[in-house]
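Same chain, two partners: chain A is paired with chain B first, then with chain C.
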Partner chain A sequence: MDFGPYLMLATLEGAVTAAVLALTASGLALVFGVMRVVNVAHGEFFMLGAVLAWWVTSWFEGAAAFGFAFAILTVPLIVGALAALADVTVLKRLSYDPERTIVATIGILYILQQVTLMTYGPDARPVTPPFNTRLALPWVEMTETGLSLYWPWGLSITSYKLAVIAAATVILLALWIVMTRSKLGLMMRATEQDREMALAFGIPVERVYALVFGLGAGLAALAAVLIVPIQQAHYLMGGDPLLLSFIVVIIGGLGSLPGTVLAALLIGLSDGIISVFFSPTLAKILATLLVALVLVFRPQGLFGARRA
Partner chain B sequence: MLKLEAVNAGYGRAQVLRDVSFEAQAGEITCLLGRNGAGKTTTMKAIMGVLPLMSGAVRLGKTVLSDLPAHVVPRHGVGYVPQGRRLFGDLTVGQNLEVGRFSQCESESTLEEILQLFPRLRERYAQRANTLSGGEQQMLAMGRALSLRPSVVLLDEPTEGLQPSMIAAIRDVTETLRDQGVAVVLVEQRVEAILALADRAALLENGRMRGVVSGEALRDDPTILARHLGV
Partner chain C sequence: MTADLRKIIGLHGAVLVILFAAQFFLPAYHHGNLARIMVLATYAMGYNLLFGYTGLLSLGHALFFAAGLYGMGLGMTQFGLGAGAAVVLGVVAGAGIGALIGALALRTEGVAFMIVTLMFAQAGYLIILYFGSYTRGDEGFVIQQADRLVAGLDLSDPTVRYFAALSIFYAAFVVLMWVLRSRFGHVLIAIRENEERAMMLGYDVQRYKWGAVVLSAGVSALAGAAYGVLFGYVGASFASVQYSIFPLLWVLLGGAGTMLGPLVGTIFMFYLIDLSSGVTTAYMLIAGIVLVCLTLFAPQGLMGELRNRFWRWLP
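Let's turn to the complex of A and B:
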């Protein structure tokens, strides 16, 4: 394959990674932004989303599309409710103390991971995509008669991957609208800026916290349901999304939603492109190096504002 | 109206307020006087419920505010203008006022009243709160508290760091509130403001009440202020 089509393929694969990463990292950024809680268990809520998606779709043998639609509607709600429960029973009792909640979420991480191992088992299991047509993609080439389209061999993407990119875009837009235009979003942002004043103006801060923690985990689960037909569900799959989400959230600026999405695009696309042209290891090395540089030279993140 | 009964409160194990009791009447300005660290701001936080009481009670009419979750207190008509304004800085002026209106129902009429009271807020309506000048921020802080149609307003050093024209404007609004029958609790350090506004004064010292005096008594005997403000 020529360089051009090859780059396009790498970019599309990177865009799928970026889309899922943007969803996962937004959940982490939201929880950190509003609650100042570093949720180390975030990757496990992602894993739980994938495993539950396998479980739910396994009820609908033979009707893969219906099963998948059911999973995408219910699984994020189940995971979100579970996270809200963890908030009320664990984090609230620690008064959301930044250090103790880190230790507590490490505990939640192991509980979720080991319970999954004990019930679901150590196998990686696939989920059938609801649709999976391979679409050949055209490229342009210079001929004697001018520019013309042709279909290079191997340059293709599945319809499902395109749908993942589209779905993530729509969900992120919806999240943005909720945060900036709705009363609920206003409550979350007021709580984020001054918890005590939010309380003094009638915002039920504890309920907002439970909701935000549930929403953050639900976003991770949603990302996992979208990616599981491409990746398979496994009880240890939460590590990578957690690391990448942290990378994205640090580069984007802690708690900044637009920054998180831009950083996810940067990391996702460069991960796709560098993995294809060089190696996936180099992609991870460069991403972590970027985090180190950001932390040294611009600790508020590339797009974040410096907080007092 | 608003009544504190033997309130004990503090942060963690550090007790700040010890058996604080006083009353604020509707249509009166009650000044809380005391030196730095006497517990004035702590008293306000205790009334708002953001600082849980160790013992004692805060009553508003027949309601025991201190038995309610903190976020329910403003719904009973208690508006808070905190020290240092503490606006939601990344939100616009309009959104800050909207947060103030969460705790009451008849929203639109109140918003119009607030914007008439503080015309500058109308001009700055879509601007972010942290881009306002100090005086405008103080107007917004008051507007936010008045948005919930309070029957009690707690003002914690509302004129701190403001230029004289702003101080006069804030004082006018405070008097208007009193004339409308609102119970105003005012923490203020400036002597002339206290003398001009106070209908009565509750004296705090190291977290304990040292008595309540009338506005006339303050004006007749300047040594009371000197003793309790350290001026």
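Let's turn to the complex of A and C:
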């Protein structure tokens, strides 16, 4: 392939990564924004989403599309409920002290990961996508008669990958509408701005916290259900989404949803493109160093809101 | 105060004597374990200086442990150093990286400090994987028995190894005890208790914190280098997040800000994981449960609870 079609392929693959990353990271950003909790177990909720999606779809053998639809509706709810339970039983009792909650979520990380290892096992298992048509993509070329389209060999994407991008866009728009237009969103934003004042105005802050923690984990699980037909479910798959979500949330300005989505696009696309042309490990080294340096040299811009 | 001092010397002296005497009656398996535990407890003591006494929670200490491990290992394989010189190189590498990371990371505080240290450690882990042709990546490399000689003593011999681990533990223990009873140590504790007040009293808080990071990194690197040379293996898994979480776990369990906490925590956790890994491959489950329970019910750890209830004089 020429450079042009190759770049287009890398961009499309990057867009799938970016879409899933935007969903996962907005869950992390929501939890940090409203609760000021850094949820280190976020990647494990993602992993749990993928593993449960495999489990749920395995009931519906022969009806892959129906099983997948069922998974996408139920799995995020299950994971969200589990996270809300963890919030009520653990985080609430720590009074959301920032350092102690990080240590506790590290503990939750290992508990979720290892219980999955004990029950689901160490294998990676695939989930059948509900539809998976291969779509060839055209590219322009210069001929004697002017510009014309042709179909280079290998330049294609599946309909499922396009659907993932579309679904993530719709979900993020819905989240945005809930946060800005609904009463629930108003309560969350009020809690985010001033916990005590929100409490004084009769907002059930504790329930909002449990809901937000559940919603954040649910978004990660939803992202995982979407990606699992492409990626396979494995008990260690939570590490990468956690690291990338951290990177995205920090670069996007902690807690800000539009910033997070923008950063997810930037990181997802550049990760896809850099990984195609250079080593994926090198891409990750650069990204982690970038994040550390952003935090060191621009702390007020990214963490500044915490002191308000 | 003198009565307290006598109790302090008595208790800690007794622990050090027990560690010395243990080798004569422990069966071979536990004898080997205890040597390992003493090196890992040295790592935990290095971590405790920063977390327990200065109040800085790092999530990236595996970077310093691995700097010692690889500084020693690569010193041997790439530069052909002897075991003693290689360990020194490891400690210098760890303290040097600590000096650099400390200068950068200390510009942040609280949650940001935790994430910055985590990110630097992750970058370090990935760099080790990236230069796989030298570091052998995840697979790691074995240090041959012929290279594990210091002053004619074979470090792979169990008795020699136990003595080496014991002397490293002793050295770190005595140096840290001395540091903490010095002016420098008192300022660190003052920073932990109330950073603004320490600043008001005219101490250059940033410089003291930086000193604590360098010392903590140096002790962690010493433990890493010793671990490599005593047990003959260098691998990237020692640089992974898990090895940043372990010292936090050991120190929290034993009691942050106590001298004996790191040793007690390491012994307990080592045997908990050792016993459970006989039953299941998911032995890190124990680590997770202990972490959650500690933060919920005993944030002071074992020695911390002892201090609150019985031994108010415990350092």
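Here is the rule we use: the second predicted complex is superposed on the first by the 296 of 308 C-alpha atoms of A that agree within 3 Å, B and C clash if a C-alpha of one lies under 4 Å from a C-alpha of the other, contacts with A are read in each partner's own complex, and residues count from 1 in each chain.
In this text, a contact is a pair of C-beta atoms (placed from the backbone, for glycine too) under 8 Å apart; a residue touches a chain by one contact, two chains touch by 3 or more.
Bear in mind the structure is a predicted one, so any value in this text is a computation, not a measurement.
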Chain B and chain C placed together on chain A: clash or fit? fit
Exercise. Regarding the shared-chain residue A:Arg189, is it in contact with chain B (first), chain C (second), both, or neither?
Worked result: first
For this session: May I ask you to decide whether A:Met197 touches chain B, chain C, both, or neither, giving the answer as first, second, both or neither?
Result: first
Chain A contact check, chain B vs chain C, more residues touched by chain C
Query raised in the report: Which of the two partners, first being chain B and second being chain C, lies in contact with A:Val205: first, second, both, or neither?
Result: first
Between chain B and chain C, whom does A:Leu117 touch in the aligned arrangement: first, second, both, or neither?
second
One more residue to check, A:Pro138. First (chain B), second (chain C), both or neither? neither
Min C-alpha distance chain B to chain C after superposition on A, in Å, is 17
Residue overlap on chain A between the chain B interface and the chain C interface none
As the complex stands, chain A meets chain C at residues 38, 90, 93-94, 98-100, 102-104, 106-115, 117-118, 122, 243, 246, 250, 279, 281-282, 284-285, 288-289, 291-293, 295-297, 299, 303, 306
Note: in the complex, chain B contacts chain A through residues 45, 48-50, 69-75, 80, 82, 86, 88-91, 95, 98-100, 102-103, 144, 148
Residue set of chain A touching chain B in the complex reads 183, 186-187, 189-190, 193-194, 196-205
In the complex, chain C touches chain A at residues 57, 59, 104-105, 107-108, 110-112, 114-116, 119-120, 122-123, 126-127, 129-130, 245, 248, 252, 280-285, 287-296, 299
